[in-house]
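Chain naming follows the written order as A, B, C and D, and within any one chain the residues start at number 1.
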Amino acid sequence: MLIYLAQRLLALAFVLLAVSMIVFTLMHSVPGGPFDTQQAKLPKAARENIERKYGLDKPVWQQYLNYMSHAVRFDFGIPYQQPQTTVAALIGKTWLVTLQVGIMTIIVAFGLGITAGMFAAYHQNSWVDNIVTFFSMLGVTVPNFVIAMWFILFFGVTRQWLPTGGWGKSGDCLCYDLLCSDWILPVLAYALAPMAIIARYTRASIVDVIREDYVRTARAKGLGESKVMRRHVLRNAQIPMVTALGTEIPNLITGSIFIETIFRINGLGKFFVTSTLNRDYPMIMATFLLVALLWGITFMLTDIAYTLIDPRVKLGAKKEA
Amino acid sequence: MPTRSLLFTPLVLALWLHTSNAQEKTVTGLALPPDAAPYAEQVLRIPCNNSANAVTFDFSVSVYQPYCGSNFFNDPLVTFDKALNPQPGAAESWSVADDGVTWTFILHQGLMWSDGTPVTAHDYVATFRFSADPDHAWDFAWYYTFVDKGGIKNWDEVIAGELPVEALGVRAIDDRTLEIITKGIFPPLPKIMKYAYALQKKALAEHGPYYNNEPATAVSSGPFMLESFDHGFKVVFKANPHYKGYRPPRLARIEGIYMSPATYFIAYLNNEIDTINFNDLSPADFATIERDPELLANYLRPGLIGTDYVFFDPHNPPFDNLDVRKAFAHAINREAIVKSIYGEIKAVPAHTMLMPGFPAADITGDLTDYQRFDCGLAKEHLAKAGYPNGADFPPQVMWLRNENPGIAAVYQAAAASISQCLGINIQVSNKDNKVFMDALHERPTKIALGSVAYAIDFADPINLLGIWVSSGRHSWRHQRFDEILDEASNLIGEPARRDSLFHAAERILVDDVGGAFIAHRWAGDLWRPKVRGASIRDPGPNDTYGSHSGNDWQWGDIYIGKAQ
Amino acid sequence: MPPSETAGSTPLLEVDDLRTYFHTRTGVAKAVDGVSFDLTAAETLGLVGESGCGKSVTALSIMRLVSDPPGKIEGGAIRINGRELLDLSDDEMCAVRGNDVAMIFQEPMTSLNPVITCGRQIAEAVELHQDVSRSEAHNRAVEMLRLVGIAAPEQRANEYPHQLSGGMRQRVMIAMGLSCNPQILIADEPTTALDVTVQAQIMELLQRLQEELGMAILLITHDLGVVAETTDRAAVMYAGGIVESAATEMLFANPRHPYTQGLIRSIPELDTDQTRLDIIPGTVPDLRRLPVGCRFQSRCPLVDEHCREAAPPLVETDEGHQTACWKANG
Amino acid sequence: MADDLDDGIDFEHRSFWNDASRRFCRNRLAVTGLAIVGLVAFLAIFADFLAPFPYDHAYFDKVLLEPFQHPDHPLGTDEVGRDYLSRLIYGARTSLTVSLLVQAIAVLIGVPVGALSGYFGGRLDFAVSRVIDVMTAFPSLLFAILIISVLDGGLPTIIIALSITGWIGIARLTRAQFLTLREQEYALAAKALGVPSSKIIFHDLLLNALTPILVAVSFGIPGTIFAEAGLSFIGLGINDPLASWGKMVGVSNAYVRVYWHLALFPTIAIAMTMLGFSFLGDGLRDALDPKYEE
């Protein structure tokens, strides 16, 4: 276990290093610098001054080493767009919002998706199954930004039932701000696609497991249907689901650029766009590193989850999903 | 059109001031107009862009990344009236010495900061020095290079770190007298002092340039001061009781509510905000406004604000050929584009750079024919250039600078108009802002064909024509044009001759097709009917209504009217 | 057709005119079509036939485990001690399964849940049918593992199926089936997937356990050798119906039905020089498109017009020997 | 269903592909999906003949017509006065071009890389696995945004930007397939007989790995249509006047409150196409996997 963890952490460090190098090179090769303004170029001297101040006058490799030597000490620099704060503080602030959106979405998507998938699998080819299939299709056939647009148009503008955007402050909140009316539309619009995917995967893996011989064995023992489902079907159906669904999680908690833009949520995804447009190098780097880190951790947790639910899997053994 | 009663508001107000004593007074002791709502209700709600990249309220710290509701905390030295004439701002008067470069600005008596200390010429000096300090590299620093002779003496040297900030040509003679020395003779200097806002020297030294971002350290000499600030959610300004300047506020508070510009209009219709700037109205919003008489009556247009045009790389084929440029200029169906793509509420067709109402503009229509839409003529020019019927004309990509869908549609229509008339292929690519500007500034330019808008910085022809000189933003060059502009900008005391020089320069610009001009855009704001004030409601020259970006005295003028 | 009442004791299990059909997109497959037999206490009945003849479906029908859809028990009766299983509610049926009648399957590799320990899988059945605590159930599971001849049962109980060999897994299956002392054990091809030596061990185990515990066994197999060695009586199935049924010795000594005769001829005999197996020509008919008349007509050497017009009933041809063939009576 | 019943029903012995196509044709949804995809492909290929107007001709006197407001323009016109029906038809061409090319590039890179890495293992596999690790950790949309802001906004740029991360999935899948397949008896047998590796990889094993790859591609196509739509939506898509459904939806955002048709029709077009490919993908998977037969 410890050896496995050490190996994975080493691999993660390698991934982060590679990501940082690629992003650093790439973003420095994008035309336009962080201090070019809207209307005209800065006077040459002023530009040189400010570049010197932020160390941008040095060769890129030197800047990279400089950045990394700070980054390993968790000093990610100052965002050019908001020099009065730090990158870590800014990411912390914006990611917190994105994390809220993501966790709400995960709860909704996984909760409803798994339930719907189970019902559909159990009542295979019935009307329940058809309804679940229909919504799954809707979720995966209409992009979330389109769904968001129509949601706003219908629920926010035409009907005015719900706020058209914002996060946690512009709506009526219940229970210590845990449930706000302005959360509903973004979370629903965001959750529909993963929910559909989860429902489909759940249904498919349950249908697969239901056909397994050991389920018949369980029934032959005299187990009732609900116990068969709980004890034998679900536990085994989880195994393929972990692979498929584990990858949804980093997607959801790093935020949707579309959802955050459309619903005016000040989260990480939207910030990435402004960071790119402004060539805010420290912010771009930090965002990419954060996302890569989350992916790495997710893969690791997925592997560990495997060993917990499937005794056949050993940590460290090659596992190809 | 404003109602009759609104037209007479100033008169009624004057009469009423002598007769009433029951009316509530503002924090600065000013009485409210008789049709005003109670003082507690004098709250204006403005929308704030929650996706804008912002760092400061202060012009002198950053121009392009302002927080919502910026420039309430300071008064500029000079402001404008509706006819774009300079008016006293923080400076009550100014004069230029016989050398033509030494200007003296006298501040109003008794100007005060909200902490009770006086506003002095030293604050202005400190601000200029801060702005020129190579360590701060103010994002508007280019401006004093751009205005060339109007630039402050030693500006470039200080920026470059070659001279200390103390060498800057700005000096406080005494607490109320500010001396500014320019690089060369530049008659319109007071007009560019519209941008001379002051930071407080003391706060700047104690808390650094971002002192206004926190209510605890914020200090204001403007009509409002910061009450609370939750960036991304809400910002509240309250009237500054210590204000002694030229625009004492009638409003008690201004609340900035953060939201996406895409939802401003919905918020307006839901009565969450009281005003929207034309830049934040989508084409659908405009369609709604034009279909609703009440909204239309409250969409007030202060004036024409800028010019949309197509530019070329005139040093490389195919646009090195004047006939190709002429063909393009004649192939743009400006009238149709204004009528159906912009809508007439948003623009007028343009044949020149200077818009009607602007000093030295072509009001006689003398220059119209140079770039009149005439597809037959356009084809002739293209044939003369060697591409009869557009045959073999290389496909072009027209670059846009990160335009919103409404304006992108305009340039797409312009491209379509050219393509359809000349039988050539033009694609339109909406570029990232920095990619566009980087390519534009590259010499030789990397943009063969591009479209962009330029808005007024200050009300002098040198502003809009200056971008076309050889050292300007475009790579079009014309020696005679440069010479005329140079001569005109130096000219003192002969306004008519100065205007005719600019006219001659503009003739060269349109004839040599430095740019193919599409339209002049109207500025405009949607105001809730209850928001009143002569500054926005009374028509100025050209039948326009009020607050041009130049005349910021509206913030002292507008108030909330009684419910009717 | 009533089953014979020759044996003195009342039958433990009666299957009467059982019909189980599968409704597929391309038609109705009559997998079990009018099967009748009975099983008395402590008896071993072999149900023998080629793959796809419906013997497994018969077994699943008794357990009421035919997947519905597409399968459905269309008619007939299944009685245990005179109690009609087809009339029971789902809950009541659950109480019967594992308790009165248990079943072991042919694929020990896949029939055990891979993520639950062997001991737990046995204990689960015990907990379900007997009012015992969790630890008692576990002890019972260990006891059962020991009974089926697994060494170090305490340790094995905590292991997962993938840690055991195929033979051991089948022993675990048997332990699971017998854990609640069922009266009837249905063994569906219990040895097919195993090595020959292991097959013999498992069959021996089953016989030993039957002697010790006294349950009746319904042994489903395609292997006539197994039938000959282990069963008291045997019924031969072909294309969804029983074609011949008799005491095992009698069946092998005097097969009446041409299909049974063919099957017995195809057993390789080690003590002769015969190198080629005698194989019944042709293939089993499509269960969705059964012919009119005798099901075996397409492969029968004795077929005539009568066989093509009417299906022969299962009738007693000798004492305790039933055959469904027009030609069997001579 | 009981194993022996399967045998009982299915006696005719057909080849794998015959079986698969028979199963596919029996699946109504799969056939519907194929029909939709066929229709989209038909529109894309014959757009020049089917569209009533050129996709780029702007009628300045007929800007923002609503559907059926003018007999010539049944679906109305867009914000520049172009026939919306024609733009929708040409949009199919853009969507299919982008998605097919991106998937083709993904297969051309991903399959050989994954196959070689999975078959040979060792250092090559280690290197490839690390590259896959790194690329997976890249948020592909963010990456595409970064790339597109560097390069030109043309069709080739979109294709490059989406391909750079697009091949990873295919490579990972192929590698996993080959890891299993190379241990199979016939691969070992072929190796023992001295068949050259290249023949084993690209002949014997690739055929066996083809099914999951085919299914992955059929699901990858709608994914790419989505991605292109998303990029176009935030203004990083293809150049005007080329039509793209994603761009049409994106632009419509500014108009939709009044001119609903601008948003509705491309939404339907995207949804129907996605639906078609999803059905097709499901159908293919079920058809190619005998386990899914009912």
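Points worth noting:
In this section, a contact is a pair of C-beta atoms (placed from the backbone, for glycine too) under 8 Å apart; a residue touches a chain by one contact, two chains touch by 3 or more.
None of these values were measured; they are calculated from a predicted model.
Remark: the per-chain Cα centre closest to the mean position of all protein Cα atoms belongs to A.
Between A-D and A-C, more contacting C-beta pairs join the chains of A-D. Note on chain placement: the centre of chain A and the centre of chain D lie 23 Å apart, centres being C-alpha means. Per-chain CA centroids place chain A at a distance of 53 Å from chain C.
Rounded to whole angstrom units, the spacing between the C-alpha centres of chain B and chain D is 48.
Rounded to whole angstrom, the centroid-to-centroid distance between chain B and chain C, based on C-alpha atoms, equals 92 Å. Among the residues of chain C, none is in touch with two or more other chains. Touching of two or more other chains is recorded for residues 30-31, 157, 261, 277 of chain A. In chain D, the residues that touch at least two other chains are 149-150, 250, 253, 256-257. Chain A meets chain B in the complex at residues 30-33, 35-47, 49-50, 53, 81-84, 152, 156-157, 160, 164-166, 169-170, 261-264, 266, 270, 274, 277-279.
On the side of chain A, the complex with chain C involves touching residues 125, 212-214, 216-225, 231-232, 235-236, 239, 309-312.
Those residues of chain B whose C-beta lies close enough to touch chain A in the complex are 50-51, 53, 55, 63-65, 134-135, 137-143, 145-146, 156, 159-162, 210, 213, 232-234, 258-260, 262-263, 266, 270, 402, 432-435, 437-439, 441, 473. By the touch rule above, chain D contacts chain A in their complex via residues 130, 133-134, 136-139, 141-142, 145-147, 149-150, 175-176, 179-180, 222, 226, 229-230, 233-234, 246, 249-250, 253, 256-257, 263, 267, 270-272, 274-275, 278.
Contacts from chain A toward chain D in the complex involve residues 11, 14-16, 18-19, 22-23, 26-27, 29-31, 137-138, 140-143, 145-146, 149-150, 153, 157, 254, 257-258, 261, 272-273, 276-277, 284, 287-288, 291-292, 295-296, 318, 320-321.
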